[in-house]
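Presented below is the structure to which this report refers.
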Amino acid sequence: MVGGGKDAFIGAIHRHAAFMDGMIELVCGALSINPEVAKDSGKSLFLPEDRIYLTFDEMITKEAALPADKRMDFVTIVTPNFAHFAPAMMAMDHGFHVVIEKPIAFTLDEAKQLKNKVEETGLILCLTHTYSGYPLVKHAKQMIKAGALGKIRKVWVEYPQGWLSKLSEREGNAQAAWRTDPKRSGKSGCMGDIGTHCAHLAEYITGLKISKICADLNVMVEGRMLDDDGNVLLKFDNGAAGVLMASQVAAGEENAIKIRVYGEKGGIEWAQQEPNTMYVKWLDQPTQILRAGGNYGDRLSSFAMQVTRTPGGHPEGYLEAFANIYRNFSHTLAARIVGAEPTAEMLDFPTVDDGIRGMAFIDNVVLSSQSETKWTNHIV
Amino acid sequence: MVGGGKDAFIGAIHRHAAFMDGMIELVCGALSINPEVAKDSGKSLFLPEDRIYLTFDEMITKEAALPADKRMDFVTIVTPNFAHFAPAMMAMDHGFHVVIEKPIAFTLDEAKQLKNKVEETGLILCLTHTYSGYPLVKHAKQMIKAGALGKIRKVWVEYPQGWLSKLSEREGNAQAAWRTDPKRSGKSGCMGDIGTHCAHLAEYITGLKISKICADLNVMVEGRMLDDDGNVLLKFDNGAAGVLMASQVAAGEENAIKIRVYGEKGGIEWAQQEPNTMYVKWLDQPTQILRAGGNYGDRLSSFAMQVTRTPGGHPEGYLEAFANIYRNFSHTLAARIVGAEPTAEMLDFPTVDDGIRGMAFIDNVVLSSQSETKWTNHIV
Amino acid sequence: MVGGGKDAFIGAIHRHAAFMDGMIELVCGALSINPEVAKDSGKSLFLPEDRIYLTFDEMITKEAALPADKRMDFVTIVTPNFAHFAPAMMAMDHGFHVVIEKPIAFTLDEAKQLKNKVEETGLILCLTHTYSGYPLVKHAKQMIKAGALGKIRKVWVEYPQGWLSKLSEREGNAQAAWRTDPKRSGKSGCMGDIGTHCAHLAEYITGLKISKICADLNVMVEGRMLDDDGNVLLKFDNGAAGVLMASQVAAGEENAIKIRVYGEKGGIEWAQQEPNTMYVKWLDQPTQILRAGGNYGDRLSSFAMQVTRTPGGHPEGYLEAFANIYRNFSHTLAARIVGAEPTAEMLDFPTVDDGIRGMAFIDNVVLSSQSETKWTNHIV
Amino acid sequence: MVGGGKDAFIGAIHRHAAFMDGMIELVCGALSINPEVAKDSGKSLFLPEDRIYLTFDEMITKEAALPADKRMDFVTIVTPNFAHFAPAMMAMDHGFHVVIEKPIAFTLDEAKQLKNKVEETGLILCLTHTYSGYPLVKHAKQMIKAGALGKIRKVWVEYPQGWLSKLSEREGNAQAAWRTDPKRSGKSGCMGDIGTHCAHLAEYITGLKISKICADLNVMVEGRMLDDDGNVLLKFDNGAAGVLMASQVAAGEENAIKIRVYGEKGGIEWAQQEPNTMYVKWLDQPTQILRAGGNYGDRLSSFAMQVTRTPGGHPEGYLEAFANIYRNFSHTLAARIVGAEPTAEMLDFPTVDDGIRGMAFIDNVVLSSQSETKWTNHIV
């Protein structure tokens, strides 16, 4: 693991998620650029002292030098956005698969280089767009793919948060500080951090691609350097229309990402804060409440069933969704190791291609926001 | 009453609403352009035969000729949009107040003429934008006015319906037929019918005015003559940003108009389908559930309390919201009759000014949708 | 109308409900035992002075003396419980139908006398157990009658309120004062006031009769004279088991009456505070959300459709449920007047038989609570 | 781990939960009484072959013979109820701490012997009453302890499931087979399995003890050997009244355990299926929605905060609640190992005393159900 020391947030999430299924162990780490933090964090995570490294460079070099059955199997990168690219490239250059916290990189160009490296090495790059790990999200995707809703006409996706309603980056909030800083976060704040989740979720569930956007990005808190709010009109490649709304100044909201998709025959509604429930709406029949783990025979897709650990009514949450990405990634890795073909279900995790679309989305949404023309093509 | 015969929808709604408080009686009507329907409808509504009229012209003329204590007090107009203007003008010319189903008229120009007539005659024109009649909507307006949320930054307002998901206008659905017909409905379908409700609700609750729009109107069902779906980016006159989403092809939705407003300190969320509940969200305190009729001492605004008939937990609904418009209108009328000054609470019903903004909204949203420029000014 | 003056609560509810459909007019009243209140109330309700009476005796006598086409058609009695019987008997003795606020009387014996009078005179006695007036409650009854849930096994019905959490009867709350006073309310407080609603709702929806009870009534607020809380185990005549929970000291609750019924094949859940939604649960299929006015073809029972005024998504509430009792009563009356047979739908309102079961429930639940034996037969 | 092979349910749950925080490793197991299953399961869980045992006897004997730094630290027992006692006693006799799936044993007598053994050895016995592991449940307990609701008056606790609505034990459902079999499950079915969860949750949250019960247990599915449904009136040691409802024939329900507690000043409502939300109701102020991980400063109890892994809006679920029991148990163990005093927060997990109360509850509820007297004392 690169990053994720004691003072970080997302590193601990990755560890809970990776450990949950008993398939992954933490064997080494370069957990912080602060050597003290790196050492303390490594100890508290029960790492052997000789595998607590102070830089990713050291970690990758030394691990690569270990015998094959001792060295780490893959690298997880949970540093701030600007520090994703270098360790990812180096890891792949040394033959390690990588798991990267989203967004994949700092620029679209970096993302494209990562893609080339993946193609060149044949290694796996897994990107943790967590929300696509929820069982009912996977079920929604399969339902739509199978035509249950007919042709898709509308997509509304939203992600209101309220945690940046004040100028917290000036009040000692470290998360706020790097996420609102163009040098560490990238050219967009809110859209880069959570707008990309919305875009990914919309494309993942519908199987469509966003083709045109019309963006209005805002800085709502005076003194902030990056957008903290934005609304985007969307056109999809099948002609569907949509709206993407993301905000970090929706005071009082937590992580209320929600998606609604409507087709000719019906619609679905899923909200992350109550992720085990999905509403399926029909034109002339009562709405149904689908439940993760529901006792419906084979009505739930195999893509959902294989990432469900508990029976209906025993809720699974964010860590399980996160774990599902690691789970599918691990199963794919395990299949490869024994020379088997991974199933479609195993391969259902975000990859470098999703990373590239995400970086392009950031570029295009910023471009559109600065433009006086209504529509901007969303090209990669 | 003009329109509202047996085969109509909104006429019956107006009657339930007007009767509920025992202050208004139906004394005469020109209930249909079909004489048979007009007569039958009048009889079934217990009208005396000599006050069942066949045209609004006849009704207004004859009623005006009755002695002051016998004639009707005001005219309610519930015809399709294209037939609002003529009876409204004639009624006012004969000294009758008017209540008009929204949208106020067929064109902005007609709306402006009605405004001139109102100013000329001093009569009252009441427009039934129903959703502003709900007690908690009124409370939200007063909360925001009093600064409880701080400066308003964001407004998301949406109205998904699914009833036009098919080409029902060709399948004998009379409601669908006139509402999708530019000759009877006007230059917009979905935006004219329900987008205007959203715009009105957003301006009513926030006390702000929409100043710029960027609209994407769609015809999702092939063969339809007017938009059945639309998404609009909004800018408000205080700098707040927003989105207005309206659709008649959101398959499986009923009348799910909902509004969320966020300010510096918190936000509110209200949805018409559960209208007795409003969520009030705070930056660093738990969300509160405000309930219509709630037992909170004077925490609920007098504007809400005066239009609440039942104690908390005994739900009031759409007819009561509608009745509240009639109730405030009636109290205003009653105050005028005795020469008293109506209170601010009594005067809290939509008027010709709301009608003009609504017609301008239709014009501008259509204009913006046809434009390749991002922003269109919303001028009246 | 007997009772229901300016200082009362339920009288106004009856008026809103009765007026809503334009079939009923208030023509006279003995609105209060306080002559000043009676007069003022009558005036503010636009009653002619000569039909504002000071006692029910005067009202019934004088109205009976009017010509048939002038006199009132029926009497509504909305006085406290102890004052239901006398006006009801006298009204029927003078040939007037009666509508009585529940509970029907002060004692079971009075209720039985009323039943004899109904049988003797052939007049209609309508009892306003409001909750059975909701469209989805009617639909639930018909679903269960048609066997959709299979044999019924379980019934959980509850009515938590919080308004008597303090000793409000000593703090000038007039409602609290008479409802907690055995001389005016009867031998039970909470069970008489809201427990009877639960028992009625359970028997109405399931079509079963409660055959045995095991009650635990409590006085939770020191100094109170009647029970303010109670839990009752139930057995039904088909072998089903159940629980009835009612409380007036469930601090923070409004009028949260809710019922859940489970059969061999599925269950239903309906809660009065969101009355336009009913959850229908199935053994091995997703739960369905039934909506009042839902666009499901003929899936909703005619008993529900005939008491629905608005399309799905435009909520109807408590006043409409109340109005539905008046509506069915009025249609039955109207049918009788023209010599027609009322339909089963029209006849779907509570009558003297429900009143008798309610009074017996009060008697038996008090008996059971005082008994050391587990089960008490619920006999009438 | 004893039990929990490939064909079991709860064993996997324990493993996910134990692994999640990276503090616990599976080092050995006697995973099934079927040797093939034991071996296969061990392999698939990456156990070294020499620590895959065929009986708990073998496991405990051989592990005890390993050097202290190699041998297992504690034993988790996830066998059916009848097979809890023997391995637990033997483990403690060999100096191992134990974690036992509830109910603690097959009889009250066994539970008491376990308690003696705990006292004799000073070892820790942790009982996995999962629902008390949820952060908001812990917060509710602390709120009530601090007097926020005033004196507690009412407790309603319910656990509807529908999975035994048919005679599944005769249709090859292994879970149903042992749970409805008195020889493997004990003297009660539904009450033993889920009624005990309700009783534990009620006593845990309120800090009160159930002192008297009046039970009605039912066999709703013909041919079943144990109760599948039951309703119990409760009295608590402070005078509060309550109801406990549990059912396995509530067709269409999943694991809908829910509790409502009302005191003089307010009430709380928590439902396991949406465990990150708790409603806090107040006598004369709006209901509040408390959220796990909510950003409320120190408003959430330290007992809740220390078992919360994600910020508000990223839901944690059943596995996390389960993990919290392991987490507190592990922290207590770790503190002991270094000779430190565990904090009150660490010690907040169910122990042998909860197990004894659970077994007594089963005995007393069966006794009460068979009695014709209303109240049975709940004595241990």
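When the chains are written out, they are named A, B, C and D in that same order, and each has its own residue count from 1.
In this section, a contact is a pair of C-beta atoms (placed from the backbone, for glycine too) under 8 Å apart; a residue touches a chain by one contact, two chains touch by 3 or more.
Just so we're clear, the structure is a prediction, and the values are computed from it rather than from any experiment.
Undergrad: Considering only mean CA positions as chain centres, point out the chain farthest from subunit B.
TA: Computed centres place D farthest from subunit B.
Undergrad: Taking the mean of the C-alpha atoms as each chain's centre, how many Å separate subunit B from subunit C?
TA: 34
Undergrad: In whole angstrom, how far does the Cα centroid of subunit C sit from the Cα centroid of subunit D?
TA: The separation of the two C-alpha centroids amounts to 43 Å.
Undergrad: If you average the CA atoms of subunit B and of subunit D, how far apart do the two points sit, in angstrom?
TA: 54
Undergrad: Indicate the residues of subunit D shared as contacts by at least two other chains.
TA: Where subunit D meets two or more other chains at a single residue, that happens at 253, 283, 287, 291, 294-295.
Undergrad: Classify the chain contact graph as line, ring, star, complete or other.
TA: Graph shape, chains as nodes and touching pairs as edges: complete.
Undergrad: Give the list of subunit D residues in touch with subunit C in this complex.
TA: 149, 153-154, 156, 158, 160, 162, 165-166, 214, 216, 218, 220, 229, 231, 233, 241-243, 245, 247, 249-253, 260, 262-267, 281-283, 287, 371-375
Undergrad: For the complex, give me every residue of subunit C touching subunit B.
TA: Within the complex, subunit C contacts subunit B at residues 9, 12-13, 15-16, 19-22, 26, 45-46, 161, 163, 253-256, 272-276, 291, 293-295, 309-320.
Undergrad: How about subunit B: which of its residues touch subunit D in the complex?
TA: 279-280, 283-291, 294-297, 299
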